[in-house]
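Below, each structure is written out as C-alpha cells.
The two complexes that follow have chain A in common; it is paired with chain B in the first and with chain C in the second.
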Partner chain A sequence: MKKSLLGLFLLFHAAFAMAKPTLYVYQWINSIPDSVYKQFTKETGVPVDVSYYESNEAMYAKLKGNPSLAYDVVFPSSYFIKRMVKAHLLDHIDSSIMTHTQGIYKKFIHQPFDPNNDYSYPLTWGMTGIAVNDKYIPLSKITAWKDLWSPSYRHQVLWLNDIREPFSVALIRLGYSVNDQNPTHIKQAYALLKKGLPNVKVINADAMESMFIDEDVFLGMAWSPDTYQASQSNPHIHFVIPKGRYPLWLGCMAIPQGSRHPKLAMTLLNFLLRKDISAQIITGMGYAVTNQEAVKSLPISWQEKRFVNPSKSLLARGEIEGDVGDKARQWYEHYWLELRLSV
Partner chain B sequence: MNRLTRSLFFLVMAFLYIPMVVVVLFSFNHSLHSLIWHGWTWQWYSKLWHDALLAKVTWHSLCLGFSAAFISTVLGAVVSYSLYRYRFFGRRLISGLLIVLIVIPDLVMAIALMILFRSAHVSFGFVTLFLAHVSFCLPFSVMVISNRLSDLNPQLLLAAEDLGASLWQQWWWVMIPAMRSALLVSALLSFMLSFDDVVISFFVSGPNYVTLPLHVYAMAKLGANPEINALCSLLLLLTVAVVLISQRLLGKKT
Partner chain C sequence: MSVSLNGNIKEGLFHWHGLHYRELFQPLYARLLWQSFEFSFVTTLTCVLLGYPVALALATMPKRWKPICLMLLLIPFWSSSLVRIYALLTLLKAKGLINGALLYLGIIKMPLPLLYTKVAVIIGQVYTLLPFMILPIYVLLDEYDSSWIEAAKDLGASSTQLFWRIFWPYSLPAVGSGVMCVFLPAMTLFYIPSLLGDRSSLMLGNVIQEQIMNQDNWPGGAATSLLLTAALLVFTLVYRALFHKKRGGRLG
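Showing the complex of A and B:
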C-alpha cells in the first residue's frame, strides 16, 4: 500500500516535470485582460494559466505559506515589494532580458523599495484622488483634499477601505510624506482623520464603483481606474485630482522564488511592457501603464485622459507609495483599527 | 398552529430564503454594477456560458468533489464496518479522533495539511487538494454510516455467515443494501463539503488547480458581479435538484 502510494506520487512528480512549460500567472482580478496572454501564447507557444487574488495580503499569505508554489509571475503593489523581498519570496530579474523598459517613466523606476529594480518592474500605475458626482455637487466646489473635511459634506463622504490611502491623504494635508515612518506624524494623521469622521458615510473599497454608480455616495476618495470604470456607467461621475500632492501607486510585476521557469517568466514581463501590449492593458480595464509610449498609439480620446496620459507637472505632484517598514506599519494598523471602531 | 407560531414560522422562512431570492433576481438585472433594478436580461447567463475560465474551475471543483465524495464514502464504509463489527484495541480512540476532526477549526486543519504536504515535498495541485478534501470529508462519512449501522440488527451478519456467505458476499448482499441510504447521504454530504470549501483549499491548492469557490471568492471580493449571481442561481437550482432526487430515492428505499 505504502509503496504504491509512493509510486503514485513519483508518477505525478514525473508528469509534472516532463510536461511542456506552462507559465502560471497569479494576478489581481479585473486587471490584465486575457487577450494579452492569448497573444503571448501565439507568439511564443507557451501557454499561460491565470489564477486570481483579490488583495496583496491574500497573495502574500499564499506565497509565504509555501514559497515553493510554482507561480511564475505575481503583481504586488509597490508598497508590498520590499516586504516580499525581505521574506525571500522574490527571485532576481535579469535586466538583460528586459528590453522594453526604456519607455517607463523615469519617476517610476529605481524606487527606494527596489533601488536597482532587481526584483520588480512597474507595469501599471494609478492615482488616488476624489470622485465627485456633478449632479449633486458642483465640480468647482471640490479642488483640494481639505474639501473632504468641509462641514457642508457631513455624513456624505466615502473613504477607501485601505490602510494606506486615508493615511496618505491625511499625511499629505499635514505636509508629511505618504511613506512617513515617524510615530508622532502618524498619530497626527490619525487625529486629523478622526476630525474627518463625522463626514464619513461609508468606508469601503470593494463596492466603491457600484456605490458611486447607484448614487449612494456622491463624494469620496477614489482610485483613478475604478472611477473611470464607474464613469462609463454613470457619466455624472468625475475624477478630481486635488491641488498639491496626491498618492500614486504602482502595480509591479515580480517573479516568485518557486517559479520553475524564471527565464520564461522574464520574457512575459518584458512582453507586458511592450508598447502594443501595454496599450491593450489601458483599453481593457482603464489602467494607466508605466510605458509612456503605449498611450501614444491609442486614439486621441484616450490621449486626452489625464489619468493615463498625465502632464509632466501633474506626474510630478504624485508621491509614490513605498514600504514603511514593519514598525511603522504596526502603528498604521493600530490607528486604522481605532478609526474603524469609532465610525 | 396558532397565529403567533405561524407568523413566527413565516418570519424565519423569509429570513432564510429572501437572500437567495435576491441573488436569483439580480442575476437577471440589466446592469453591471448597480444594485438598482434596470430591467430583465439573460446576458449574464450567456456570459457565464461562454466564460472558459469559469468552466475550467467548475470542472475542477466537480472532479474534486466527485472523487473526494467517492473515496471518502468507500473509506467511511470500511471504517464504520470495522468499528461496528470488530472489537479491537484503540477502537474508542479512533471514533474519538474522528469526532475531533469534525470539531477542529478548518484553519487549523488547513495549516496542518499545508505544512505536512510541504515537508513531504508534494507538488501542490490536484493531489494535495484531493487528500485534504478526503481527510475532512471522511469523519462525516463515518458518522453518517456508523449511525445507520448502529440501527442494524447484528444477527443479520451472523446469519449470513452461518449460511456460508464469504466476506465479499456478506458485503454485497447484506452490508451494502443495509447501508444504501447512508452511503448516498454520505456521498452527497461529502460532495457538498468539498464543493464549497474555501479555507482549506486556499492553503493546499497550487497554481495549476484552482477550484470554483476560490475563484468566486476572488471575484466577489472586488465588487459584486452579476455573473456570480447567475452562477449562484444555477448552483441553487442544482442543489434543489439534488435534494429532491435524493429525497425520492431515500423515500422509496427505506
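Showing the complex of A and C:
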C-alpha cells in the first residue's frame, strides 16, 4: 500500500517535472540573493526553488542520508569537495558549458581537491579573520592571531563552530599548513587551542552574526561576509585580517548525483559566474566572488573593500582550505571533542 | 527504523572495536556522562526546590482559584519548547529585557553576561521541565484530607512539624516520579545547551547530534545513544529500588 502510494506520488511528481522543469538549489543561508535567481528565471523561463543549510556537515548529512532528494545545485566549501566526490555524491560538470570561467582568479582553480574542476567550480570565496567591536576593544589592539590568546580577553572570545577553522588558526600560528595531515602537528595544534580555551566564551557559527550585532560577543574568529553583514546592522563591528597567513575558503558550486536536470543546472552555474550576476552577489550579501572582473564593474566604495577586492599580496597570504583525507579528519574530530569537553 | 539503527550499532561497535580510537575515547565519554549528570542533577534539585512550594500552594489554595492558577501554569506549554527557549534568549541577551531593565534602573553599569553561561542552561532546563515536577506533586497533595491537619493540630503539632511529618512523607512518591520526569529528559535536551550554553556546556545529547549531523559518524552516534539509554536505564532502576524500599519501610 505504502509503496504504491509512493509510486503514485513519484509518477505525479515526474509528470509535473516533465511539464515544467524546476531547478532545486540547496545553498548556504544568506549567501546568494534571491534577485539572482529571479533574473535566471526571467532569462531562461526556468523557475528556481531554493532551500538553505547552515553548515557543510548538515548539507552532507542530508544528501548522504537521502540520495533521492534530487537537488540540482549545492554549494560545498572547498574542503568538502573531495569528500563528497569520494562518497559518490557529485556529478561531472561539462566544461564546455562553463563559458564564464576566464575571470576566475588563477589561485582558485585546479586545486588539489579537484585538479581538473571536474566536479566543482569556485563561485565565492572568503577569509577567516577576526571580528572586533570597537566600542569594547580598540581596533589597534587586535592585529594578529595570537591576540585571541591574550590574557586580557578571558572568557570573551568566540570560536567558529566549524572544526577546521580553529585548527587552521592554530596550525597557522605553529607555522604548519592549514591542510596538515600529520597527527603530531594536529596534536600540537590541539595543545595550542587548549591554551586558548580560558579565553573562549562560546563556540558557535550559525548564530555568530546576531551575537556580534547584539553585543553578546565582541571579539572572535569570523568569516568575512558574515562580519560584513553584521556591520551593516552594527557599525561598531569591524573585520580584521590578521598579520601573516589566514585561512581562505572557496564556496564551490557542484551538481549532486541524482539531479534531474544536470544540463540545466550547469547553465545555472555558468550564469552565476557571469560578471554582472557575480557583481550582484557581492553587493547583495557582501560575498567576495571568484570572478575578478565582477568587482571592477562596481562603484569605488566596493572596490576599496579589501575583502572583496584584495591586493595581490593580501591574496597571496590566504591559504586555501582543502581536503585532509579521512584519517586526518578523524584526528581533527577526536581532538575537537576533547577540546569541547575540557573545562 | 529500529532495524537500520540496529545495523548501524552493530557496524558501529565493530568499527569501534576495530579501531584503536575506542580506547582514546573512553575517558572522554565518562567525563561527558558525568557532566550531563551534573547538569541534570542541578536542574532536578532546582525543580524540587521551586516546584514543591508551588505545588503545595496550588493544593492548599481556595478551590475557585485552582483552575485559573493551573491554566496560568500550563498556557506557556502550548507553544513549542524550542520557541520558549528562543524567548529566553531575548530575555537574557546583553541587550535583552533583563539587562535593559537593570541598566535603565541604574543598578548595573555594564550588561551582565547572563546568556552563554552554564547558569543560562540551568535556567532553560528548569523553565522547560518545571511543570513535570509541579504536576505530579500537586495531583497527590490535592487529595490530602483536611482532617489530617486538624488531627495534627489537636495533637499540638507546629506548622513545621505538620509539613515535615505529614505532607513531606505523604508526597514523597510524587516527588520521586517528578524527579524521574525531570532528570531523564534533562539529560537529553540537546538544544538548550547549544542555544544558551557556553563553550563547555555539552551533554550526551549534543554529542549524539554532533556525531550524526556534523561528523557523519552514524555508528558512533548510535553507540553514544546506546550509552545514554543504558545510563537512563540504570537511573530508572536505582530510582525503583529506592522508591520501593521507602514504600516498604512506610508500610512496615
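The working rule: the second predicted complex is superposed on the first by the 325 of 343 C-alpha atoms of A that agree within 3 Å, B and C clash if a C-alpha of one lies under 4 Å from a C-alpha of the other, contacts with A are read in each partner's own complex, and residues count from 1 in each chain.
Basically, a contact is a pair of C-beta atoms (placed from the backbone, for glycine too) under 8 Å apart; a residue touches a chain by one contact, two chains touch by 3 or more.
Note that the coordinates shown come from a computational prediction; the quantities given were computed from them, not determined experimentally.
In this superposed model built on chain A, chain B and chain C take up the same space, so to speak, and clash.
Touch criterion met: A:55 reaches chain B and chain C at once.
In the superposition on chain A, A:342 makes contact with chain C only, while chain B stays out of contact range.
Shared-chain residue A:174: touches no atom of chain B or chain C. Legend: residue contacts after superposition of the two complexes on their common chain; A:230 is shown touching chain B, with no touch to chain C. Judged by the touch definition given at the top, the superposed model places A:64 against chain C, while chain B stays out of reach. Shared-chain residue A:30: touches chain B; no touch with chain C.
Once the two complexes are laid over each other on the shared chain, residue contacts for A:214 go to chain B and to chain C alike. When the shared chain is aligned, chain C comes close enough to touch A:159, but chain B does not.
Using the contact criterion defined above for the overlaid structures, shared-chain residue A:333 touches chain C, although it does not reach chain B.
Of 3-11, 147-155 or 183-191, the chain B stretch that intrudes into chain C once chain A is superposed is 3-11 (criterion: clashing C-alpha atoms). 55, 58, 207, 214 are the residues of chain A that lie in the contact sets of both chain B and chain C, per the superposition on chain A.
Against chain C, the residues of chain A that register as touching in their complex are 55, 57-58, 60-61, 64, 155, 159, 163, 197, 200-203, 207, 211, 214-217, 330, 333-334, 337-338, 340-343.
Of all residues in chain B, only 31-36, 53, 111, 114, 118, 122-125, 127, 202-203, 206-208, 210, 214-215, 217-219, 221-224 touch chain A in the complex they form. On the chain A side of its complex with chain B, the touching residues are 9, 12-13, 16, 22, 24, 26, 28-30, 34, 49-55, 58, 62, 65-66, 68-72, 206-207, 209-210, 213-214, 230, 233. On chain C, the positions that touch chain A within their shared complex are 21, 24-25, 28, 31-32, 35, 93-95, 111, 113, 115-116, 195, 197-200, 202, 207, 210, 212-217.
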